[in-house]
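Following this line, the structures themselves.
Across the two complexes that follow, chain A remains constant while its partner is chain B and subsequently chain C.
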Partner chain A sequence: MTGDNPIIRLRNLAMRFDDTDILEDINLDIRNGEFLTLLGPSGCGKTTILRLIAGFETPTAGQVIIDGKAVNDLPANQRRVNTVFQSYALFPHMNVYDNLAFGLRMSGTPKAEIDKRVREALEMVDLKNMAGRMPARLSGGQQQRVAIARAVINKPLALLLDEPLSALDAKLRKRMQVQLKELCRELGITFVFVTHDQEEAFAMSDRVVVMNEGRIQQTGKPEEVYEEPVNLYVAKFVGETCILDGVAGFKDRETLHAMVEGSPCKLVTGRDFEADSPIRVVLRPEDIVVEATPPEGHEDQLWLPGTVRDTVYKGSTWDMIVDLDCGKEVLVTEFFNEDDDRIWQKPGDKVVVSWFKGWEVVLPDEQL
Partner chain B sequence: MRIFWIACRLLPVYVFLYLPLAVLITFSFNSSKYSTAWKGFTWKWYAKLAANTQLVEAALNSLTIATLAASIASALGVLLAVALFRYRFKGRDLMQAGLFVLMMSPDIVMGVSLLLLFVAMGLNPGFWPLLTAHVTFCIPFVAATVYSRLKGFDPNLIEAAEDLGAGEFRTFRHVILPIIMPAVLAGWLLSFTLSMDDVIISFFVTGPDFEILPLRIFAMVKMGVKPDVNALSAIMVGITVCCVFVSHLLMRKRK
Partner chain C sequence: MSNSRLFRRISIGSAAVWLTLFALAPNLLVLSASFLTRDEAQLIAPLLTLDNYKAILDPLFMRVLAKSLYLAAGATLICLVAGYPFAYTLARMKTRFKPLLLMLVMIPFWTNSLLRTYALIFLLKAKGLISLCLLWLGIIDKPVSFMYTETAVFIGMTYTLLPFMILPLYSSVEKLDLRLLEAAGDLGASKFKIFRHITLPLTMPGIIAGCMMVFLPALGMFYIPDLLGGGKNLLVGNFIKNQFLVSRNWPMGAAASIVLTLLMLVLVWAYHSSAKRLGKKTEGTAL
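Right after this comes the complex of A and B.
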């Protein structure tokens, strides 16, 4: 399904507005048929990228290439991409049918063909009986489906979605996430999705682009971004983290001998570090192991002492917050295991904390 | 009882607002030539009015000017509002501020300056200068009405139209115009009214060969208010009531 040939390429794209860099040095290949998500906090420039692709903005520098052609000078109405706006932007004076037919009428499609495709599109988004309704008389979820149908009916090369789910309630949102993903697969159209919600991005995307302050921080599959963040920003933005401080020592193949939180320890990493340079060890809640005392056979690992502050029962997992003696705080997630009833900790218990060997991510220290 | 108290509270308001009109309409049916005392019911002033060709002609002139001025001002005002809303260009803020200057500036100043302009251009007072002047002072009102309507709308709508393949013109025709239509109608009616009852500016720019109603009436009342003027005014009130009623119906249907 997902071809490797890029349908949209962004080359050294930059955008300045009022002497502020909105985007800097954006290079991105969007593959044909993939579901790509631009993920970042508000103001990171993700929406601007979408607007540059759609043709609503002109880049200060660089090129937007759609289907092999540079389109910098092509206005929005001549680009073969369509947008689903955050506000949906349905035409309030047209009923659902006319909203859907708008794009086809603009391209001069014959009437019979328009009628057929509008019916199909309505069927696809499950709004068969709503053709005559005005947008104001639809619920938020229905409006959203109309907005999606109005865009995909034109068979664009790519569908651009600007936080289209942000106005929906949590339950509807989850359902729409699944539907959008299915739609992308069924239609074979490239989806470029913008969101600030990390869970949403992971739930839907083939690839995620993490952005901050106008720059791409990391591009990769959701699991790559989560498990192998390239820098501290990505690590912190994506999911819960516990970050330990340390100093690098010498490296022996994959093993880095280091001091972490004042104790010697062996870390597994593919990166190279200069001796004596500061490092950070990034741990996820599910990486962490909690014991009463260091278990036999694992004494060579680093066991950080601490006190359980609180435990949170979440149904499928058991979360625990541990205050380490070094001053850090760790969130631990333990999955229930039928055979092994080892969740025994209560608030106030003295424990030692370590992690599954090799699950840690070691990054150079950056001031963030 | 409740109704009685409500009436007690509302009555002064209605009296304050509508008593002058009521007096005017009543006296238009008064058979006394001197308007202040009631001497019995009559239609004769209306008959006399119909026979007053000068006055009827002036009324028709006024209607012509008002209709033309309102239509031209609406067209130009819409273009101006859409340009101000859609494009960022040099002098945009100045233009917007300029609209308010035009709206706020005293009629007498407008009148004098337009007269000066037309004299300098070698135009004789009459139909064309009058029409131009009315268009000039109506444009800001249309532009302001339409602009505020545009401001209340999601700017993404215009982008959505472009995104779906509509060029400049078709975006305007199929998306912007239908959305601003109520404001355009409101602007047209406002312009029509402003043009109909403008005295001061018209006084400077029209000539003896093209007389309009407000100026004619103004000239007539210099020698005391005659009952046929009352009759004319009563007819105008009637027309206004009809207009308001119709526009109300139109707005209702739109919903």
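Right after this comes the complex of A and C.
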């Protein structure tokens, strides 16, 4: 991240189509050089934001500002941003070289300069020997790299990527995630990435924008979004969760005295709650502690009884699904340690479940 | 298994028989007739000769051939210029009436083209609709006839052959991936450059197919120059028809139709090899 000066600003952006609100009240500053990801389920409007920035759509209301200038009336071909399409949209009648050179030719760049930059770009994406190939004769990963090279070769102010990895297989996708992140750092170009895959978003981004139904739910660093979700929607969308129901009591500084799943307990939260208002306690799989009996010295914590239903060995972690007696289901992740002499629970074992103090997130019940 | 093989044999076999009887055999008859001698009484005498082909090299026939090529090429060009925007707009429309609109292009097919050509006379003649309209608008002060001119022939040929241009164009425009146009715009191409560098090359198969489907029939379409051009604008088709029906010189007519068929074959071959070369050319350039 280089500085805080925003390269792209979205001001009160709204988009209506056929009497349906696609986007409402979008305000977002995209910083110069950052890797920003728009994350949300399909139909949440994230691709529309990208298309508004690129200039393929005109907003119903609000402003798109690129590099300090309002560009609402500027057509796509005059905006200094480039898009990497989900389907790559490589020109099928041109070979790799001509695809890469297209943007430079359109801007009237001298031939020698085009040649130099195309070769550099090919080198960058590791496709030196493919210049003469037609797109149809490239693999999915190669097409992907051509699409990226074709966009960055024009040295745009920002690169817009619309789910560019969704068509690749899992292994290749992981590798491309790393490469894209490195590319963003090396080139110093702002990347705006759209995905519905939370893991992908977290793996690459400096900041994540979580969206739902045309609105921004939360903007922040991946760890902020994961650890401090602002509402239940974000908590549920981002990663696995176990959500316990409760009722707020009185608050004493950071400690909220509450009833959770019918038992009294103390919660740590910065939020204020009205007494007797319903609350939700959000726990992540790695927040949760499972024991056979409440250990000594921790009896004052809330220990919820349950039965282990299933265990899943995943190499680096040991996952467990526990059915709580209150009816809820909990997914627990423990980091696996061969030398640990702990007794691992087996399906059918009676256990008690709690969480590391302070790792819980307490949210008002929004009836989602 | 054997059932499907039987079905395949019957379907392919019947098509083969049909083509042999009604396409191959007549063409072989024409081919052999072109090497025989004219006979007053029996139309054809079984005497081998090359005189018919020699006669065809005569400047008179060459002029007819050149004129046909000119009229056919002109009609093709007019069809292309008129048909492309139409096909493009139609294919790009976001309406559920699209099939209906496409149907409207097809409907004239259902009427015999000879009848439609007669109908055109009522538009083009001195007391025809066009002339009356222009009179009424005050653009001309006495009736004008468009009949028996080259313009009339072009109008007739374009009108008859336009659907053959529109349909292949329509299907190639419809296949065009809109995201490619967006991508080109994103990379800085203006509307005109998008058309020039993306739309045009990608719809080229449709353009070529449409041109072939207009140009080839146009070469032989004898009744339109006959009816609208007053026989002044002879096509190869007219020449052949006249040899058979007026001069009653069947071998000569046969020779002319063989030449026409060969010419068309050459054009089809050129189209195929150029299409192949185009595909190959793009493969190996740049480096």
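Keep in mind that, in the parts below, the second predicted complex is superposed on the first by the 362 of 368 C-alpha atoms of A that agree within 3 Å, B and C clash if a C-alpha of one lies under 4 Å from a C-alpha of the other, contacts with A are read in each partner's own complex, and residues count from 1 in each chain.
What we mean here is this: a contact is a pair of C-beta atoms (placed from the backbone, for glycine too) under 8 Å apart; a residue touches a chain by one contact, two chains touch by 3 or more.
Fair warning: this is a prediction, and the values are worked out from it, not measured in the lab.
*Asks:* Will chain C clash with chain B on chain A after the two structures are superposed, or do they fit?
*Replies:* Verdict on chain A: clash between chain B and chain C.
*Asks:* Which partner does A:85 reach: the first (chain B), the second (chain C), both, or neither?
*Replies:* It touches chain B and chain C both.
*Asks:* Tell me which partner A:211 touches in the superposition: chain B (first), chain C (second), both or neither.
*Replies:* Touch status of A:211: no partner.
*Asks:* For A:148, using the defined touch cut-off, is the partner it touches chain B, chain C, both, or neither? Pick first, second, both or neither.
*Replies:* A:148 sits against neither chain B nor chain C.
*Asks:* Let me test your reading of the model: by the given contact rule, A:131 touches which partner, first (chain B), second (chain C), both or neither?
*Replies:* The answer is second: A:131 touches chain C but not chain B.
*Asks:* In the superposed view, which residues of chain A touch chain B and also chain C?
*Replies:* 54-56, 75-78, 81-83, 85, 87, 89, 91-93, 102-103, 106-107, 150-151, 154
*Asks:* How about chain A: which of its residues touch chain B in the complex?
*Replies:* By the definition above, chain A touches chain B via 54-56, 75-78, 81-83, 85-87, 89-93, 102-103, 106-107, 150-151, 154.
*Asks:* Tell me, which parts of chain A touch chain C in their complex?
*Replies:* Listed in rising order, the residues are 54-56, 75-78, 81-83, 85, 87, 89, 91-95, 97-98, 102-103, 106-107, 131-134, 150-151, 154.
*Asks:* Contact residues on chain C for chain A in the complex?
*Replies:* 177, 179-180, 182-190, 193, 197-198, 201-202, 282-287
*Asks:* What residues of chain B sit close enough to touch chain A in their complex?
*Replies:* 154, 156-157, 159-167, 170, 174-175, 178-179
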